[in-house]
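To keep things simple, chains are lettered A, B, C and D as they appear, and every chain counts its residues starting from 1.
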């Protein structure tokens, strides 16, 4: 007999005491131990406030070295929504808008933060969270005069909300198109670590930095306590960004908190190692699911995977594991989202696969 | 041989010297003669400024009498976009959003004015520009927690951008649904005159005023020089609205300009007479088009009609008449929009029908 | 025995039936007869909407001819608060601010409209409503880094809220200083007509247009039904202004309403004639007051004058005339504001002087 | 011979390698060791995101216990500017304003963040950074109608920007006045720790929580890595605050970072101990300065002190110590600001006093 399935994509605020493991997201854990050690190691001594300290300077230098753009500017902020609203405030004039996939984080899960800065988001329906020039061109064609907003920024994510990636040639085409049309290209890199270290990825940090006007390197979802590094490569937007940061409450007094973490993540490759960990766990999980005969709504590429499960199996798994039911798939099935992180233990993967294979679920 | 068709929904800024008549909109003409006469008649003497004058008082009284809601509040502003942004600013808290058809004027043709006041518009795809409770319910279901905006207002237009009308029972259902869910219902009445006087309309001014929280009575598109009367029936929003008007630059020093016009339009039914005129001309036009064997994308109801014409016919008509090509319809056809007004001469209708019937267009 | 004096600078909303004349403001009357005649004369025929009509084109041409800046751009809007918030939205980036006298209209009497567009006003205390480079320099010196806003626009009024005028050499110095410091200079010309036609004025429309980046020519307070002409001389701000107008609800569908009025006012000097009328009446009033032995808080120059009267006299005059009590002056005296307009009858001046001289008031 | 004195209240971004110690602020140091240890101790395990974790719950419980208001709501955010703009966004309707001392942090040092949320700050000149009912009453009297903003919140700081404190009876009077007038009272507690533990303070945390509608408890300036605890005692504002947090980019994914720190600070009095340390160092410094015969612009009370020094002495001290020159004091003297923190070593105080007493400076 079928049990009722609670379809709930909201953040459940109930006790998780009974759960063996949560695959809800990649920010449920604390910080990587080396991050905390670094904070301890550099805790003494006075530094300049507001991100002008030696640690932020060094972290910025390491990042600029990695992208070989010594003239770019790096600013550290506390989270992705904050990064997005700051960048878009800097890039847009009051009547200008941003084009984004209708599934984009700014369009759905940031509580109207872009609109709260006064700007419209022009939505584009996509199957995989990725934008292409043809779609953007259609938006431009529909916006011709002052009775409508003026699209000016193209917002993309790497990886996307569907766990997919832009291929090198796809980003190149987008970049060329945007330049031709006078649009700015901005990449949300909340999950850039898993994108850069995905098996099938062919787009390096160096390359992408060259193709966009602004992007950010996510720390929160990759082992930091908090922090995203906004990298502004287009010189036109490098001035006065700190004014916008201060005005929006994003300029942290003890900016060293960001500098120390990003210094640690980028001095010897920890950032990439953590991304690899998350991907490796996701790959093991996907392999187990595939072996059990289940399919996916989009091919598993990075640390978010979207298997299609029968409701009976979902109900069974919900007793032991945390995850979001993403969307109904018809015929008694739903798509669920499983997210791994740098900290996901291999045992959690094994447990999940074991439970999934435990008995017939129809 | 087929000629190239320029698909242009933007406001053409070219010379119209060659045109016999423009069916582009209902605000191309000046004011109805009685409006100008009234301005002349009441020009002498000093009055209180900022809408506190005796003419505004009397115009408000006439409107409140018509809707039999003596406790409602009436404010006069200069245009529809202004009315919409003022009302939504008053109704919404910063994190709240407005639900609207994706074809709604606020969603497409107001240059992001709602977003500029900080609010997101939740778009609903419709075939006819009308919203129903089921569609709104789906939006509410998709917005459950603080990671998303909180829908709070339902925005509808009477008539809609497609020239369609809410039936009495449709608006009743919407109103009941909104009350149940704690949503406010706001009606954009830029074209309320043609809605109220359409042949098939069964929803009176008195009835609709009772079913919505706020609405406005459009003057600009119905023979006034300018002016829309915002009517606030929900007592919760009646206080402090003038603060928002002043802050947004909508409080006219010589408010009497509004009062005199609305007094004239509502003292003996001129407002409704002008709506009837526009509808009568549209009906004649629709009849001629139907007789010639052409169909419509939506049934002609009010003063905006949407015939589907072959591109060759469109090209022919464009030489003599102004109108917008609305949307491609496939197979060498497009939908065009024809708008009549209180001032459209019968001769313009005859000329158009004659040209349409002039020779075979395939 | 002294009677109680109600100090009320708010807009009284009581009946004025008993008043012989109101000297409260210059927008209590309707429009100059020639304005209404012109509206009637040009009422027929269809025109392009949203200010792209032939009347707006011609009115703009006349104004550009007067300032001999054929490349400037002219936009018409409905009121002063609207003009100010539009211009400042166009000139300022989110973190930039505007410097203004603490008595400036934008600082006091526009309900926080500038702040509502996101910008701070840096206030400067003045005795006469006028700014000079030294005061502005002090503001710049106090704003050095991203913890504070970045002043970018200097806002001035001609005439000021105190009825005073910038002299030609004063405006030249301000202009030179602003250019040197990368500041934009914006002039609110709500009362430009009385400024340009004041006896002591030595600054022409041609000259001031050359010294500022943007200014507006006020119509509402000089005999129009409504309307202000924003003139943008700095090419950097000429693009995209219509987007901001539309977004803020300032783009009137029947823009011809503005075009016809400004065409009439500028085709043969009516604009200046009406300013002269207001000044002439104010001069007669000032002369009468001076002859009666009373003094002024600032010398009477334009159509706002500020006599210092004993409270007993004020109480006596309030029975017959409308005016605002501006400020207490100590010793049983207060400053009142008397405003004349293009429409003030000479008889009102005579009546006021007669009442003032009627009996001893101590 | 007098050397030139650079008057610079901006944040200097030069090297500090030569400085023995900086007295510029109370956020130059890292975190208190116990904070870092707590982060390490609680680093393992998964928790709910966005501040719904067990650590935030426990930290909130501890704070609510301390103020004995179990129904209040506690939210954690990353900094003071963020706290202020969130609270004011929640408390104000679009046309409402906040009254603050002209020296208030929101008025000067937050880059126009309040205006960027659309609200005006009504400035009150004060000698000591403190507001009283009479001053506020004057603001209310000057704001009577919709041509002006509507003051609604009174913003105060404890301690103020001048290092002064509200006495218990002063806050009681303010609170009573605000309630009577329908104003909300909001206290910025960035430096609440030093206020509560100052020798002369007579206002407890329990008492002040009872007298205001909202306040925040500063962590950044009292030994935390980052973090301020916003406490909402007025039930009217408790709902939906998280929406505003999310929308403004203030909802941290790993909210546990705040919870763990505040839990540690409030479980056994560490928060108060650190405030005492800062005050003790400031008192030693003040005593040394007083003994050397120098006076202060405001009496030294908490961890910010404002001695008046001759420019020659200032130049001498600048070679060894970091501090801001606050204001010129005339006669070759200036006021400087010296700030101590929980981490200021006693040796730094001794060094400073020694240098100050080193030779005659005239």
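Keep this in mind: contacts are C-beta pairs under 8 Å (C-beta built on N, C-alpha and C of every residue); 3 or more make two chains touch, one makes a residue touch a chain.
All values reported here derive from a predicted model rather than from experimental measurement.
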Between A-C and C-D, the pair joined by more C-beta contacts: C-D
Rounded Å distance between chain C and chain D, as computed from the means of their C-alpha atoms: 42
CA centroid of chain A to CA centroid of chain C, Å: 52
Residues of chain D touching at least two other chains: 11, 50, 94-95, 110-112, 116-118, 146-147, 149, 243, 246-247, 251
Chain contact topology (line, ring, star, complete or other): complete
Interfacial residue positions of chain A with respect to chain D in the complex: 11, 13, 16, 21-22, 24-25, 27-31, 33, 36, 39-40, 42-50, 52, 77-86, 110-113, 116, 220-221, 225-226, 243, 246-254, 256-257
Complex interface listing, chain C residues touching chain D: 8-11, 94-95, 97, 108-112, 115-120, 123, 144-149
Residues of chain C touching chain A in the complex: 50, 89, 93-95, 117-118, 146-147, 149-150, 240, 242-247, 251
